[in-house]
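Structures incoming, each one as structure tokens.
There are two complexes below, and they share chain A, which is joined by chain B in the first and by chain C in the second.
Right, the complex of A and B next:
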């Protein structure tokens, strides 16, 4: 009885607009489309777009902080007519690593912990989309967001360098090397950030854990490197130590292959031989992160 | 719509489904079982998300083991647990879920607006879900299962956590999903009483086994039980007994609580129609007792397979028919 009453009640309210239920016979675009949609939604979400105003503040702020030094350098270069940019393209991300770390720590958990915490994941997997699509879309979106964050200031530097009429081929080469380096960095950081975030449904833990992993590993490695350097060990010890933190890994790869000057103590990065090991470790870590995420979502499933 | 053949699912320590064979046609089908009876496991297998240990199953004529993706495109699923992020609005959330089902952006928005209206969410659909009542959240969950216009929808305990009015609303809505939208429904519950009013067909599972599968008309005949509680007065120091004797005198048999809490002070009898309510009211007034409570009891699943209970109800009905004639005359 009660059922009928409420139904007629609802019916009266909507009578003017009620045109009855319409079936959907339009196209259903399937898995690939769903994966693309999830990718773009996650990428936009990583900058707070399509979310509340409050959640736009931090990513946008970090993006501004990331680009501001580049703009200042360009201004200095143009006004004082320097012969070269004050900072190499490849060095920029290493200098700004704290900002990059904060960004992945804040947005990684946002991207995956929410779905875990609010148990939205089963809703995805009850649709055509599959585990692999979900992981690929989330990983791709996070890496792309990181790439936008790290490549934008390089772009500012490059435009500025051209405006200051610095040597075109030099600048282009440096810019492209920088782009490759930040692309690797984005993949690596996004992987590490997502794996850590996907372990815990609590966003706060995720943020703390990502920051801890990035800063502690970097702090430990650079301290050990400094000690090794001060005690007069050869460059090899210093450079092998660099394998143990994400930032020094990227530093090593770009020193060996991308013509960068190493930020290691003594300024001596890994040789080409050691560089191959560095590159393999980076690629291994990226693949490993992807694998761990796939495993993780097999358990969460439904 | 759904066919299973000796479908089994064994986990290392438990057997969730044990050689379950059934054939479910179009319409609203209730899947009843106690917690842990294997309902959710069955839904997972039917969605192609969890392989069966043995046996096979088909949904919409597609094999769950090989055509999982095709099934999930045409089927909707409403989980039992909370699954809504609190910081987005119902509209945004359902649009996103529609796109995850493969609907193009414009169609996703149109279908979302339509579906939310059909489940009864109006202006509030633009507010963040975090501020919704349980009833509204259940509607959003239902909307996301319907937004891609599936042919079949799985609703896992949709009335969980709702108050009686919310329950009735939700059950009415589920009925409409079939009658108005033309979508077949498989709805699970551990309460038989609420499903028998909504479903065309009820399947009872227990311990992963099929206990009973029948059309609801078989169930609904005698199942409205009235619980009555009365006060004692000086004239009748034991009001309950006085009422029971009076009812017996009129040929209505009663059941004293059946081991339920407060038994002894509660009379249970089967209501055939309005007449029974009138009879109780008149008798209570005649005896000068205070009527504390007269309510419909929801049936517990156990009653379906308690044969003595069923016999009880049959005799009740006979008595009542006689009574109804008396009373009418």
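Right, the complex of A and C next:
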């Protein structure tokens, strides 16, 4: 009885003392603001802005390497008065795929692995943002960074082509086709890169895994395509093989729908019918990557 | 010079968890491709040489070398746990040498054996092609492991630089600029393979004596410098 009394007595006496801190009663910026902030932070981080000088070196270097050939091509076109650009807009990303692969491999893990390793993900989720916001912001930021990387050289080419007084409507059409193709490529590569790096808290391992998936699949597919082509099998086998690596997928889609010439051996890409399958696979992969990321962040730890 | 405990820890770090997945996936893919090619074309010496040279030696061996070489020391330096190892009364060069042995062994097992198996599938070791490329993979494993182990001690971005060397320098510049080919582990090991195969199917731009000297030189120099580097290692904070 006595115990109970002291308990209830204590319950009445204890209170959290108001020691005079003022409550915040101004406007709350809310979820959308937090999501936008995370997006812009991640996008800036992908180019090393707002990070140490050392971490700016690699993305900026890759960006420079990506744009330099475009500038050289423009210079050549202007000085030698060519009738057309030496390289199609749609072909540019395919030729520069090694640089694009290195970029996503170095920046994808940087974007998500460090959050996992330093256990900052729970801190994000203690804010108003939810799982979907985090995934959307990170995916969006990575895809935008990739789009900047791949679209900038096309822009250089387009401006150069206009300065060289090449045919306006022709160039504009090619430029727009190129933009659509690199937008698809950015979404696809960003998805693949983020899914792989979201699995591991180790940055170095994430880099190796992303590169391995991109280059090995391309190497394997192009080797098989070259052999199938050399053996004289019809274009169908060659074009169906292209479904198995990200770069050849993009190549197939733009050959079928965006007026590109294929980089496949023999130069004949998928027909329109097969192109539909290509497009469906690309869109399915993008959606699948998003779905896997959503599943991945259902539980914050590993 | 060889410390069994360090070796055991390195093996566990390399083959444990998900890292082993990539190490198994790549050789499996090579063997699958070899099987597919064999079904598509039948036994053909030129095709076998192309697949082994283009895919196994040019792509798979360097990537496995990067994973094993940098993975032997990189993560430890990255998360700072290397201080516990360095604090033990073990000489720094001994640590490097032990880790090098482990990295070489792992690279060899995961690159040379699948190369040999793929060669057997492709053309049943006709004209010694399987053996030649296996020898090349073995030799390349040693040099790659030493190079990438050094990279692991020098920079935090060891994987990126290793991949830039393996993919951009050897594959891209190697095919465009003839001079770059003289400075590539791949060509040095091809020189050894050329000697083994004897025919015209395997060719290298570098002579055998020069290749041997360069291979040995790079391996020894990289190992020595990595040992020196570890003696004065500064643990950088997170960027």
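Couple of notes before you dig in:
Convention: the second predicted complex is superposed on the first by the 275 of 302 C-alpha atoms of A that agree within 3 Å, B and C clash if a C-alpha of one lies under 4 Å from a C-alpha of the other, contacts with A are read in each partner's own complex, and residues count from 1 in each chain.
The criterion applied here is as follows: a contact is a pair of C-beta atoms (placed from the backbone, for glycine too) under 8 Å apart; a residue touches a chain by one contact, two chains touch by 3 or more.
In this text, all values refer to a predicted model and were calculated from it rather than measured experimentally.
Of the two partner chains placed by superposition, only chain B is touched by A:124; chain C is not.
Legend: residue contacts after superposition of the two complexes on their common chain; A:132 is shown touching neither chain B nor chain C. In the superposition on chain A, contact of A:38 is made with chain B only, not with chain C. Using the contact criterion defined above for the overlaid structures, shared-chain residue A:52 touches chain B and also reaches chain C.
Shared-chain residue A:26: touches chain B; no touch with chain C.
Taking chain B and chain C in turn and counting the residues of chain A each one touches, the greater count comes from B. Put simply, chain A uses residues 51-52, 55, 118 to touch chain B in one complex and chain C in the other. Against chain A, in their complex, chain B makes its touches with residues 44, 47, 49-50, 69, 72-73, 75-77, 79, 81-88, 92, 96-97, 99-104, 107, 111, 114, 117-118, 120, 122, 128, 144, 148-149, 165, 168-169, 171-172, 175-176, 180-182, 197. Within the complex, the chain C residues that touch chain A are 18-19, 22, 25-26, 29, 33, 36-37, 40-41, 47, 50-51, 54-55, 59-60, 63, 66-67, 70-71, 74-75, 78, 157-160, 163-164, 167-168, 171-172, 238-239.
Residue ranges on chain A touching chain B, taken from their complex, read 2-4, 6-7, 10, 13-14, 17, 20-24, 26-31, 33-34, 37-38, 41, 50-52, 55, 114-115, 118-120, 122-130, 301-302. Those residues of chain A lying in contact with chain C across their complex are 51-52, 54-55, 58, 98, 102, 105-106, 118, 199-200, 202-205, 207-209, 211-212, 215-216, 219-220, 223-224, 226-228, 230-231, 233.
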